[in-house]
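Below you'll find a set of structures to go through.
Two complexes come next, and they have one chain in common, chain A, joined by chain B in the first and chain C in the second.
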Partner chain A sequence: MNEIIESVKNLSIGFNSQKGKQISILRNVSTNIKKGETVGIVGESGSGKSTLALAMMGYIKQGLFHLKGECLFKSEDLLKMSSRQLEKIRGRKIAMIPQNAGQALTPNLKIGYQIDEALRLHTDLKKTERDKKISELLNKVRLPSPETMAFRYPHELSGGQQQRVAVAMALAGKPDLLLLDEPTTGLDVTTQAHVLELLRFIAKDTGTSMIYVSHDLGAIAQVSDRIVVMYAGEIVLEGPARKILKEPIHPYTYGLLKSIPKLSLAGLPASMPGSQPQPGSINEGCSFYDRCNLANDNCKKNSPDLEHIKELDTNVRCFNYKELINQNNNLQTSITKKTNNSEANEVLKLKDVSISYAKQKFFDQLLNKISDQNPTVKDINIDIKKGETIALVGESGSGKSTILKSIAGLLKTKDGQIKFENDRILSSDLKMRNPNDLRAIQLIFQNPDESLNPNHTVEQILSQPLKLYFNLSGEELKKNIIDLLKKVRLGEFYMSRYPRQLSGGEKQRVAVARAFAAKPDIILCDEVTSALDVSVQAAVLNLLQQLKEDLGTTYVFVSHDLAVVRAISDRVAVLYQGRLCEIGPSQNVYKFPSHPYTEVLLGAVLEPDPDIKPKLVAEDIVEEKPPEKGCSFQGRCPRKIGDICNSEVPPWQIGENGNAIRCHINIEELASLQQ
Partner chain B sequence: MLLLILKRIGLGLITLFIVSLITFVGVEVLPGDACTTYLEREAYGAALDACIKRLGLDIPADERYLDWASNVVRGDFGYSLSGEMPINEVLGPRVKNSLVLASVSILIGIPLAIVLGIITALWRDKLPDIMISAITIFSMTIPEFISATLLILIVAIWLGWLPGIVIIPSDATFYELLSNIILPVVAISMIMTAHMARMVRSSVIQVMASDYVQMAILKGVPYWKMVFRHVLPNALLPAINVVALTIAWLLGGVVVTEVVFNYPGLGRLVIESISNRDLPVVQALAIILASIYVGINLIADLMTLMLNPRLKSLQIRK
Partner chain C sequence: MENNLITEDKQKNKLEKAFEILKTMASKPSGLIGLTIVLFHVVLALTSPYIAPYDYKAISPNTMLLAPSAEHWFGTDSLGRDVFTRTILGGRTALTVTFFGSLIALLWGGLLGIFCGLVGGKIDDVVMRVVDAFLSIPWILAMLLIVSLLGTSTEVLIPALGFFYGKGIVRVARAATHDVIAKDFIVSARARGHSNMSIIWNEIIPNVRDAILVEGAMRWSWMLLGFSSLSFLGFGVSPPTPDWGLMISNARGLMSFAYWSVIAPIVGLSSLIIGINLTADAFAKALGIDRSTKAPV
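Moving on, here comes the complex of A and B:
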């Protein structure tokens, strides 16, 4: 157990800036990986974690240079090896499981060939033995029908299945060390939990050492023995997983853990100010100085070394870490938010809304109707009160974004009505809506990189809605823009900047400001924090809450992340395959009794706590179409009671907490089952 | 799959029908008709009447279109005015000549372009790339009438190695053609190869930067194996359509080059028949060129479909 399998010594990797300056993105990193151990490397985007992981395979991305230090695998330096030597190590001794298997599998080669390739390169097996081995491997990663799976192309599999193929491919060479680069990012919650379960099983089963790189402390907490926390290219904290997660003694890790929304906590997570410094911008002092609340003059001038603390078995890079020892109970706190006044009027009603993506047949087109008996979204009834935050939650394919697009008028409804203010029916066609309705409903998108025009300055971006809806110009326009920027806590000088000159969080703030520029009644938020780092996510969530409390805006908040939804929403609607499963006040939806699907989702959430293990109750299968009749969740339900689930749409039952559940099982029985 | 092919062929036929209609209507609405343009100053009295009678121009336009179209379907384009011979006889050798010029250029130019594109991409920003890229960009920027003229000046006049212009009868045999077409082929290939090599280069570079190539490297796949199995099949797929357009362009006659070298191909026939106002030949050429484009694009689309597993299963599912 104590044999060191790979050790990184004083590794620095960097690039040459346009001005010819050498800028390092990894600075003096040293760490050891022991045999049989799983090390989690955690950090936000730009912390250098992926660069470190790739360097541990002797791979340095194009444009980057090895500045100093070494990566010793079994006391041989990978960074000095020829590509011929590396070919013998990669895939055979150290194997990689990539972040996005969908893009990491070669699209024109069949699954079987890609696994066979690894076997041919790294084993001496004969053709027939290899064929047997391929089905063995596919079986081991729990893929359905491994015999036919080998003959399929990567794009014919679901995201979770692709990831499993990547695992099988990595296992083919029987490596001593597995490198996992964000292997579950981008997968659905339940799939993510299943893949993690598989990885943990493999680690135990084969005794392989693993390096698990992720931004997600929840996933890291489930698999790691030891955790390395990276910030701005340096290791800031390193130690046993439990210690790091329960008693973090570095202010960055402490803040990071506090900024993660947790299922067990109502209210918003605390946010850290600022964002990670850009590579090359740190000249002297601690790289976390700007964002640290323990910082003093010493931290500004001198950068701390990684210090080993024997009694905690931890390395920490902070002068003031002692102030954080025994502060752990503070981790379980959150900012309480003002709850919504439930007496308020309804501002938006969805009545029997159905939406179909089916192509119209020629005759139906003439009659302007959509004849789809089994539409993507069906029978949605939601009344939204003024000033509340209602969240639509579900995995990919649950129809949550589809509903949002329909409210925005970007997608026509098949049936049903969308009523706005005093039961006035909104046309489902954007062109038929009057300008004031268009102003009243605004949309914020998931990815600010794509929703902000890269050729416009922040001033131009924000002036568009102001000109369009309020005809502002000149001084008044400028004053309004500055006001908006102030609202989202950005200074006046941001006006002349282009989106590419902003960090991810700043971009999303501009997108928020743009939505608020129209003085809307309702803002539709489509996964607005999923592209952001955790610490930035907390700040954006707090900002949205603050703006709502000040201006009385209504939010329809779409997210796949149950913890985020718990933090921000007043009410939650859970969707599966475009059908409502459960709806109610958020504190009640997160309590039992729940709809079986909500139960599955809640069980699969990964908490940044090694003591809370995900519960895998439902099969990890992807359904392409909602079932034609009966309950929408019949295909995966762990509590299915029989034929009635397949034939009849379940009735709504209202629990004593006020949450409505659509299930054939009596709600009291459900409560006792779930205890 | 079969349904898809039939659907595409059907669409191609509709395109051809529209092209034929447009050319026919175009000829109709032009002032004057085939007889007045052909007879010019003698277009009066008995000569004009006889001509109109001979060409059947006194029949209503719609009937004439149907008559002409049904003949075309049967492979008969009618009579050329200037040569007073069947258009098929005019076209035959021209098509053959263009085919020879095009196929030799394709056989040399396309493999060369692909190889150059791959070399420049794999040795990106290194000496081979810098040199080849400089040459390709250079030959891309010189217009073909200049490069063709320079070729004649240097190779034919100064060095005297090859004939400067093609002086062969339009029904020359293949071997007679061969020595005559070297210079035209070089002139054509310079531009064509340069364009395609640039395209292949950027496509290979894009694939080399993809996640799956990084994954193949990290899997321990040796470099050349990776290039041939993981990079090229994916990088060359988008090239198919460009190659198809190039082939269609070549078959349709490379007008400028043919004129400079006095090459008796389709391109020069287009110029000749337009300046001779030989309207039946212009009509025939329009149909033939359109069929070449439609046909080759159809083949390219089907090939992309067959070779790209993603598109293939998408189509089958539909």
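Moving on, here comes the complex of A and C:
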């Protein structure tokens, strides 16, 4: 168990900037991977975690250079090897599982063939032995019906299944070390929990060492024995997983853990100020200096070394870590938010809304109707009060974004009405809405890289809505833009910047500012924090809450992340396959009794705590179409009671907490089952 | 990816940006060669009337088909005219006609393509089928028809060439628009209620401009070849105007014993085409829209 299989010594990797300066993105990194151990490398984007992981298999990305140090795999330096020598090691000794298996698999080759290819390369087995091995591997990664799976093409599998195939391929060469680069990031919550469970099982079963790279402390907590925390290209904290997660003694890790929204906490997570420094911008002092609340003059001038603390078995890069020892009980705190007053008027009503993506038939086109008996979204009834934050939650394909698009007028509804202020019916066609209604409803998108025009400056971006809705120009326009930037806590000098010159969090702030420029009544937030780093996510959530409290805006908040939803929302609606399962005040939805689907979702949430293991109560099958009749969740329900679930739409039941559940099981019975 | 993290704080104005692009283009040998050739041709076209040693239309039976010498650098043609004079003057018409022709092609092709890409649906279907239909007609036949009906003046040639070379740009502009149309900033502009014109002008054009400009530069070199082909067939500019296509056509029968009168215009024409092609490639690379990137290994 104590045999070291790979050791990284004083590794620095960098690139040459356009001005010809040498800039390091990994600085003096040293770590050891022991046999059979799973090491989690965690850090925000740009911290150098992927570069480190790739260097561990002797690969340095184009444009980057190896500056100094070595990567010793079984005492041979990978970075000095020729590509011939590396070929013998990669796949056989060190295998990699990529982030997006869907893109890593060749689309026109069958799964079996692709695994066979890996076997031919990395083993000396004969054809018949290989065939046996393929089904063995497919069995091992727990794919359903492994016999037929080998004859399928990648596109015929779901995201989770593709990821399992990638695991099977990596295991084909019986590697000593597995590299996993964000292997579960693109997956749904339940699928993610299942894949992590599988990885943990494989690590134990085969004794393979794993390096698990992720930004997600929740996922890292589930699989790792040891955790390496990276910040600005350096290791800042390294130690046993439990110690790091429970008693972080580096201020960055401490802040990071505090900024993660947790299911058990109702309020907003505390955010860390600022953002990670860009490579090359630190000349002296600690790289975390300007975000640290323990910092003093010493930290500004001298950069701390990685110090080994024997009694904790931990390496830490901080002068003042002692201040953090034994005072970590307040990790479980959050900022309480003001809830809205429940007597407010309804500002938006969705009444029996159905939305269909089906293509109109010619005859229907003439009659201007949509005849789809089984639409993507069906019978949505939600009343949204002024000033509240309502969250729509569900996995991909649950129709949550579809509903949002319809409210914005980007997608026509099939049936039902969207009523705005005083029960006035709002057309679902954008062109039929009057300019004031368009102004009143604004959208914020998931990815600010896509939602901001890359060729516009921040000033141009923010002036679009101001010019359109308020006809502003000249000095007045400029004054308004500066006001908006102030509102989202950005300085005036951001006006002349292009989106590519901003960090992810700053970009999203600009997007928020653009939405608020219209002085809207309702803001539709489509997964607004899921493309952001954790510490930035907390800051954006706090900003949204602050703006809401100041301006009385109503939010419709779409997210797949139950912990984020718990932090920001007043009310939650859980959706499955475009049908509502449960709706109620958020503190009650997160309590039992809940709809079986909510139960599945809550069970699969990954918390950054090694003691809270996900409860996997349902299969992670992906259903392509909602069932034609009966309950929408019939295909995966762990509490299915019989034929009635398949034939009849379940009734709404109101629990004593005030949350409405759509299930055939009596609500009291459900409560006792779930206790 | 990490390279992008280094951002310049200083804002550049447009002139500085253009200079930056030129600098990037010239930093590779192929770009430098291309730029030099194009620059040489443009300077020559501007100054040739003042530096030409002889009168381009002076016919002289005494100096018929003289080999290159100190007096006539590139020799003389079958009518005794100085080939050097006619070669340096021959690029003027070609450059002017094709430059303005390309501009017209860029304008109508680019705008129509962007419009089709944005609105989609039936309008897009119909327009693209019409463009396809025109693409299937051999352009030279259609050009011959137009020229024989309307004459060979530059006022006819420029819009006619502009029309025929623009239909390819429609497709490029439409494809480039499709790349950005699904992005959220367009959806966002739509949801705000901006008009189509405002979306095209503010959101789409800044993002497809580069791709269309590069395509326009490529079309320019093809148009040059097309224009010279017309002249070669006798449907371009009319004699005695000096023109490369015309010169090649006149001299090709005498190639076996007076090769000089055909080589000079060929070198002129092909060097300009190669120059424009190299420049367009370097331009695309400098803008970062070159698709021939190496796969990472």
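Quick note on the criterion: the second predicted complex is superposed on the first by the 675 of 675 C-alpha atoms of A that agree within 3 Å, B and C clash if a C-alpha of one lies under 4 Å from a C-alpha of the other, contacts with A are read in each partner's own complex, and residues count from 1 in each chain.
By our rule, a residue touches a chain if its C-beta (ideal position, glycine included) is under 8 Å from a C-beta of that chain, and two chains touch if they have at least 3 such contacts.
Just so it is clear, the model here is predicted, and its values are computed rather than measured.
Of the two partner chains placed around the shared chain by superposition, neither chain B nor chain C is touched by A:296. In the superposed model, A:333 makes contact with neither chain B nor chain C.
Judged by the touch definition given at the top, the superposed model places A:500 against chain C, while chain B stays out of reach.
Of the two partner chains placed by the overlay, neither chain B nor chain C lies in contact with A:10. When both complexes are overlaid on chain A, the residue A:169 reaches chain B alone and has no touch with chain C.
Once the two complexes are laid over each other on the shared chain, residue contacts for A:64 go to chain C alone; chain B is not touched.
In the superposed three-chain model, the partner touching more residues of chain A is C, compared with the other of chain B and chain C. Residue contacts after overlaying the shared chain place A:410 against chain C, while chain B stays out of touching range. Of the two partner chains placed by superposition, only chain B is touched by A:156; chain C is not. Within chain A, the residues touching chain B in one complex and chain C in the other are 62. Those residues of chain B that touch chain A in the complex are listed here as 209-223, 229-230, 233-234, 237, 307-310, 313. Residue ranges of chain C in contact with chain A, taken from their complex: 2-9, 11, 183-185, 187-194, 198, 202-203, 206-207, 294, 296. Interface residues of chain A facing chain C in the complex, by the touch rule stated above, are 15, 17-18, 23, 25, 46, 51, 61-64, 278-280, 408-410, 430, 433, 435, 438-439, 441-443, 445-447, 450-456, 460, 464-465, 468-469, 496-497, 500-501, 514, 518.
If you check the complex, the residues on chain A that touch chain B are 54, 57, 59, 62, 83, 86-92, 95-96, 98-100, 103-109, 117-118, 121-122, 153, 155-156, 166, 169, 173.
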